[in-house]
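Each of the next two complexes has chain A plus one more chain, namely chain B in the first and chain C in the second.
For the complex of A and B:
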């Protein structure tokens, strides 16, 4: 994540929109999500977070976030509170009325963006229906709609995409949800783009104290070698894709969980509760100028490279601010 | 299968009232005519790969995993009568699961029971000698019989076979060849029916009925769904699948009672078999599910939903399309009930109310074609009554009754296995006597 901020510029100097999937499949989901949340609370107009399919109780129980919280805090409280925050995340965002951003894709039950505004989103992601489709669907080279092999959401073709873009006066649909080897993938005559910001996605560096897993790889294993990208939009909504690859891995096998060191777990546990009360105010997708669009996943190498002084400073700043608001 | 992806999903939920829908007779006759003339060999979806009868179970399993196959044919032993089929039987992941479960629970078998079950006795004897030939384990699950059809068999013949719960048939090649053309699986036939729905509007209408309006055997019958709690172990799941004669079980989340995911015999084959230690058997199912799901989507970001399900109001066509799209063998049927939390948003809990498998749907078509003797659950009942051992009444009891009784005892999974970790360690070490861990290669 720090590499990503280096490429795009740090918040709040740069506006960011993260398109979901903040947790799971890594070992620093807690730190990652809470840092993003801290930035959101500190700079609400400069940081935008929308919901991904992993921001869900059911998914996080299977893909690792629940286990991580259990390991780091000894109970499921932090997981439960984070899931409650997930319920409040918006399902989509629009940049200057012309670029629509969503984690997965489109739904056969939604033709207009106003219909998305009308969804009661403050709930666990259902296993079917429009709210589920927005977070699970994929574009595909088919005509019309197809059932998704993922078991949730749909596949949608160029015709559907063009109709949606036309109906809602959009220039571009930006989404995430699938790996793009080159960091980004444009489809349907550049009408829809998949942005993927987790470089070297298959690389899994497993600390010694990890959960037993039949597929552990050591730090010298080969990777799937994908690069990552962030999409930069300028004031005219011109697109520029900034591509980057992974930072060199840390050689130390022991990780210091800087979160726990700088702030007591109890304060941390209360943190998401305060945050979500604050975020009730945003009820609809919002627009912002000059922003970065990223798909954010868990960069296990990055978090361990955060210099502790910077991390703690960030933290205390955020905590102070929250206390001030209340 | 790109063709399947192009199918329209116009009607996902049916609006028809809750009446049992039946296919109009005239239409049924039309369809049956097509089914009698279309040849099964157009539906072949995998070649027949065979192994020698003396191949060890471990080697046969490795072949399944390395070649990404679901079933092997076992060649006849030299001692068998010539002139019959060249194959002794079939071997698939259900048999692997039955074998592993047997290995892990061998201390349960008393001398008297072994006398009553000579094949089990032979397996244990072979294991003590250090080598279990695969022909002893062929169709150990009793769900995988060898069925051979002639080269010119039609769809209706396939329906007759699949409506008894069998999942695949072997087709002979066109004479004068004495070879075998390949396997036709139940999924292949289901896929064919799904495509037919787009060519035949009357069929499309019939398939647009909701699941609840069709007479499917395992809907709204909760006891028909074999399930385990997320805190139970992998060995508990394996025993359930083996004893109940099912290839998959649902895993229920403890806190809410909702459906979390599912575990199948294929997962057992892919994760338990290559495992380097027997610790895998005592792993809680919640963790096992993470192990199963972790590789899927780990290189292409295409994560899948943890459990595939439909609602009672979903149409039959949608259900068929979903089975094909997700490449799965069954879908759970769930009813959504809102759980009101005192704090924030109500979270919907998926309550399991039934199951729909490929053979259930094919049985429906078999009934439409007026094929007699349709019973897709027959194999489960037979299996459940045959695995009842010492503490149970004699097998003369009706299959249904013993199915329910063994179901309730296997729920707690404490009925016949002594509680405590010592016994688990003993049963796990008995697995070593099969020299399994040493011989199974690293993935």
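For the complex of A and C:
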């Protein structure tokens, strides 16, 4: 993700819209999601997060996020709280009224974007229904609707897509959810695009009993060998696809990570005394929940890699709250 | 639901699963679990009395096993039009047979609701094949009683569900024709002799699975571990993946209740007709 920020420019200089699937299938789900949350809290108008099908209690218990939280924090609290935040994430977004963004795709139960606004989204992703479909569906070369091979959501064809775009006055539907080997895939006469931003998608399979203690050549992983992309929209909604490959691997991230995490939280209180407490007021419980997480649970070594404008604010917030607790 | 067992096992492996499926589907979904060639109670119709020779010359090539399944269905349901729609479920080797049988059955106009593959991933299985020999060496030559055989499977965690083991193990042992020469019960299928076929059983499984023109389900035990082909397929939404926790390789025996829920839900979802919604694989 840091590579992605290098390609697209750091937030807040660049506005970002992340289309979900922040967690699972990697070793750094916690850090990834909490960094995005920190950026959201710090620059709410410059960072938009919408929900993916992996932002779900059921899915994260199978695909790694739950296990990662257990491993890193010794309990399921962080996982539980993140899942509560997931419930608040919007299901879709619109850029300048013309580009509709959603994680999965369309639903046979939804013709208008206003109907999406009417969904009560503050719940676990259901097994079926319009909220589920938005996060699980895929475009496909069929006419009309088809049952999705995924076991949830639907397949929808060009005719459905054109009707939806016309009905809602859209130029483009941007979505994610499916691996695109070239980083992005346009379909239906460039009416819908799949944007895939995880290069060389690397599936790291780690059973919960295995605590990684050294960075050896990871034999328990399979790699797709794909490139990634981000879609850049300019002020006229002109599209540019920036393609990028995986970042060069960092040496021994595991060892350094675990050493730092083993530092007792009490030690943080001995950090420099020139910390000044800031009073931050937030007028919605939604933001407060974000703050709680950011304070307490972002591993301290991450601060050195966050762009400086965020780091200073974040670092101070982190220490303030920790001092309060300890 | 047509169930094909894995190498060395028998149709009785699916006994507990069949009961759960019957209960959950309220009798709407039946289960047909076969003993494939050289396994369980399936024997050759032959004038030859010498059963020993028969076992050793059994041809277990994947093509033969696939044809066996297709021919069996054609015999049980001679008329494809009046036959019920079929859900092919296969464990390990059985998964490979089911995947290959699906297009052949569809050619004969049978309606295949879906294919369910239980706990087999081509690349990892092929990688593990050299270790099979040492695994087989670690097995006893036989047992003195069916109870001892059940106990051995449960103690070694080959099967974690005692109830299922009690039902299924008698299907994989036979009385020793010469009790003085060794233990009272021998393995029904001497797996070592099937070694020449192992590689062909699983080669091409991932691509064939992804190409079947029906609903696809993959059930894995314990961890979401996919080879590159399946991973790309999964990330592109080509099949449904279910990972069951706390089960071993014998998924259908270890947790028949949970697997039955998955299979019945998969069957219901892909079986029912919804106006205006095409089924998976339908053009």
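Here, the second predicted complex is superposed on the first by the 232 of 326 C-alpha atoms of A that agree within 3 Å, B and C clash if a C-alpha of one lies under 4 Å from a C-alpha of the other, contacts with A are read in each partner's own complex, and residues count from 1 in each chain.
By our rule, contacts are C-beta pairs under 8 Å (C-beta built on N, C-alpha and C of every residue); 3 or more make two chains touch, one makes a residue touch a chain.
Keep in mind that this is a model prediction, so the values were computed, not measured.
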Which superposed partner A:108 touches (first chain B, second chain C, both, neither): both
Touching partner for A:67 - first (chain B), second (chain C), both, neither: first
Chain B versus chain C as contact partner of A:178, first or second or both or neither: both
First, second, both or neither for A:100, with chain B first and chain C second: neither
Touching partner for A:146 - first (chain B), second (chain C), both, neither: both
Touching partner for A:154 - first (chain B), second (chain C), both, neither: both
Residue contacts with chain A in the superposition, chain B compared against chain C: B
First (chain B), second (chain C), both or neither touched by A:188: neither
Intersection of the chain A residues that touch chain B with those that touch chain C: 62-64, 108, 138, 142, 144-151, 154-155, 177-179, 201, 224
Residue ranges of chain C in contact with chain A within the complex: 215-217, 222-228, 231-232, 235-240, 242-243, 266, 269-270, 274, 276-280, 282-283
Interfacial residue positions of chain A with respect to chain B in the complex: 25, 53-54, 57-59, 61-64, 67, 84, 87, 108, 122-124, 126-128, 136, 138, 140, 142-152, 154-155, 177-179, 196, 201-202, 204, 211-215, 224
Interface residues, chain A side, partner chain C - complex: 62-64, 108, 138, 142, 144-151, 154-155, 177-179, 181, 201, 203, 205, 207, 220, 222-225
Touching residues (chain side chain B, partner chain A) in the complex: 2, 4-9, 253, 260-261, 271, 274-275, 279-280, 286-287, 289-291, 293-295, 298-309, 311, 318, 321-322, 324-328, 334, 336, 343-348, 350, 443
